[in-house]
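Before I ask anything, let me first share the structure, which is written out below as structure tokens.
Which chain is which? They are A, B and C, in the order written, and residues in each are numbered from 1.
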């Protein structure tokens, strides 16, 4: 019976999903595999199955291991709430709180610890299969994966973004996966996918994780779109390596994130129509050699950390690194808005001008029609109470009035880079490059219009 | 049992969902609250629940009041159909119609009237909670909220976009809400959210409402994306006030809408990759002071109302107001296409040139690489029969042949605004600004290429 | 009872969904129609219904005919896997494969053949209704439509992209349809929609089809967004004719596709924030006369077919045709990145320079700030084994190092076209147009910055 392919973790006779949803799902997967064993005759396939996680708290003490295609695991609620605010709220206040944990269809990741374990071992959901074809069309939708606590051995464990836990780890080459509508919180790694082809990561809420989305190994033709994402101060909100044809579009990426997005060895990919907010330099990084990528129509905004518990942290980079730091050839940075708001007192090193777009190496890059707005920041209290974190942050973002202009290097092309074209992205004084080795047209300056507009 | 967190309005023993789905849902919420009262021990949370509305007509006579996090209400069909066309179709024709009402999982908003009521009182779904933390992760998905009738005391009530009804009203600070896949129709206000953080409004159909999406109070880091939206002639398709980090992307916004999108006091936000269609000036408005926002890669199209029943209405603005009307500092308008098609006879005031982009106040704005196409409109019948409304509208949009050019002011910078940069967005004759107080480079004109291309 | 509007194909008493899901769904639709016959009194409507297809293999031997609004058909898995790789894998290897067919909630299209049949006859799902109003809000979500085999009478049938099958064929004027989360594979036509208004085609996986998405007849105000799409060498990935206000955004469109996107007689529409990859010239085509459309913030990449089984095919166009080939007036091509990587040996005709952007006819088009990167391709083996197809393709995309520049015509404006404006999209030598009949500003060339930056 086809309806036999519909499972509910709370109705499965083996195991107790409240105590260990991992064991229950593995038992279900074993059942699917057993029942599908004789298929593939007469055009009939192995259709996989769907596993439902209703709203509820489901502890995961056994890793889920997925090695069948066409498996869909879904819930009825992404269940995000801020654990970061909660863990920075005094206990006496917490007693008055309506609730303190994420909710929805919530998987509590509680795997046994062990320093000998690999990253793959420490994932709540591990997808791995050898042989052919690549595992296809596994889907995760509309549930919550909660790491519950950060737990490094520092004096500030819950703000460490470290606990050795991963939400979804895809270890082998995969095709046409979909991760949609998920809530992923308080994990050191949210989603890690190796060798992805035609993956979709869309409309998720992945925040308060060390790193959020990581494409590793190599991959092609995938999409990270329409997500709300924000990593910790030593991780990536979005990371991809050795990838071709990745489309990162329509995401709202908020702090912190060592970088909002980093590409390493990525080619012919696109970062378009996103909104990025960061507290540190290096919010977009092209490392290794990244070539022929497009960065367009994005809004970048960097200001200074406004929230007391996190003031002690940053990503270690100084303001010469560049908000956008590029290595590689033939990239395009077109039609972006970039705002930086920081008081000159907080610029590092002291006395330097912050760099906005830096081409550190490579050639043939095209930087055109970017609007850079740099201001000193608004006066504000650095010790805003936690309970007002939301209003404090909004105020910080909205504080655009009566600011004075901050002197920056709009575009810096390092000496080892050449053959780049920089157009209308900064005045003559704001763009530092070797004019003999690159091409440059300055943004016209106020009052010089007549001469320019003569045609 | 976790599955106890799954509810179906038609299976709940209290109340009759056909007669009053509001009372049924409130009874379910009370049950969830009662069952969750003892939670929050041993890492266990209050997971919320999911409430299902199957396809059907469900009258709502009692307001739904939501004060628990992690509640998901979902249906199986957004059920939009045009009530506007239906109410402008003669009764004798309607008798032949297959159906006259929206459908799907349809909530018929039928709250008792009362002039003493507040906006919050008049909402079908009211979300409100005091104390901490902010209410989180409430989700509305895949059902229809139908206001059924407009009902002002005019001679043309069903075209008034007035009935005092709101679909979803979020009254208190909220985090990580999701509204997806909904159909919202014939309400004076579709969605109103106060103090939103990390909200998602994605892939909905919100049309034939007075206003469609309104972010009020303040808010940050949210997303209005991939929706089909169209408001009435006195409302907003999308509105936000005092917001930071809003991303409006990938929406198809159709008429009417007093404005397609209005920001008031919004900063560091982005409007990117949308398609906007309007019948009036002021399709995009930045009011108050809006700063450091990006408007890029959008398609704007304004023509004249082609549909007989609505010819008597407009938003009261004349063509000097600007299709895009900006107040504020440091905004970017880059790489947009803007089409205006209107016969010179219909321009107001008579004899004036329509203004396309107007910077009314503020400084430091950057307007670059916008392509403005202005034409007189195609000859057409203004009394197209209702039944051909679709074909009439398509014809109007497609009517681009044999048009003559319309003389417009491509960019107007008011005298009280200065320090703006305007590049390649209009010829020398089409851009009106104080060249001593701003920077300007004209779009090259035909036949002057040689001199420009000499490098 | 409202829950009577919820159907499951495996629980319906009529027919066997494993043998003919089409007959089962038609029987369900007849039931819905019968039960709704007396509705439309007292504000009560005809709410439609929802039909669930669980994961499983469901053969479709009878066409599904939909003539009621508000019908939602959904499954629990899009189930894509590559049939193209499978059909190009030796039988002895296939014996070791884990699975060879698509999965999820899978409909196997197995309609009786017949050369007298029309396109509509050959669709798995046919939507058609006469009279008023237009059929509304039919939804297809989260299931798989699999054509199973291509079957032309060539020696290479499974690579022919021909089998006369269509997945979803919408024959009559329609409003507010939604097609989301689907997997559509190995059909000659994936989705064909005539006279669409306010349609949403979002987040689907439509690949290895002859053509993927076709809007035919006329239409307006619709959206093709966030899809993974790739057509065959004689079809379209996305096609629209006589359309106004179409938004194509956020798609990742991969090869092959005779064209990635073709518009015919389309006006005031937008192609924004997509990633396109193609193996042939003509990846974007505006045919007939297309006017006032926006093409912005897209990434275009064309290289040469890297996969042995497909090397014998192309779309028949030579490199003079243009990667982007435009006919029409007032269009905008702004802020795109365009990469072409092909060895000079493979350029057709031999000795010609490939054309990147070609304006073949029309006037008033605006081409600005496009970055074109043209290189000879990396050395590679043209006979990569099938089993390494993924790695081969990724390598091909990533192969950006040590390439030499390829001489191209960046922009060609044909003699019959005039009054166009071309800015910063190619050097003086790379742009071919009548400088007296058009306006042109060359991208500055390396080393000439000083003179340009003097302001």
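Simple rule for what comes next: a contact is a pair of C-beta atoms (placed from the backbone, for glycine too) under 8 Å apart; a residue touches a chain by one contact, two chains touch by 3 or more.
Since the model is a prediction, treat every value here as computed from it, not as a measurement.
Because chain B and chain C carry the same sequence, their contact can be compared by residue number, and under half of the numbers here are used by both. The angle needed to superpose chain A on chain C by their Cα atoms is 120 degrees, rounded to the nearest 5. Averaging Cα coordinates per chain places chain B and chain C 28 Å apart.
In chain A, 226, 249-250, 272-273, 296-297, 334-335, 369, 444-445, 448, 452 are the positions where the chain touches two or more neighbouring chains simultaneously.
Contact residues on chain A toward chain C in their complex (touch as defined above): 1-3, 5-6, 39-40, 43-50, 68-70, 72, 74, 129, 131-137, 139, 173, 175-176, 178, 180, 195, 197-198, 200, 202, 218-223, 225-226, 242-247, 249-250, 265, 267-270, 272-273, 289, 291-294, 296-297, 329-330, 332, 334-335, 364, 366, 368-369, 418-419, 421, 423, 428, 431, 433, 435-442, 444-445, 448, 451-452. By the touch criterion stated above, chain B contacts chain C in their complex at residues 8-11, 17-18, 54-59, 76-82, 85-86, 89, 93, 96-106, 108, 148, 181, 183, 203, 205, 207, 226, 228, 249-252, 254, 272-275, 277, 296-299, 301, 334-337, 339, 369, 371, 373, 375, 387, 390-391, 393-394, 396-401, 424, 443-450, 452-455.
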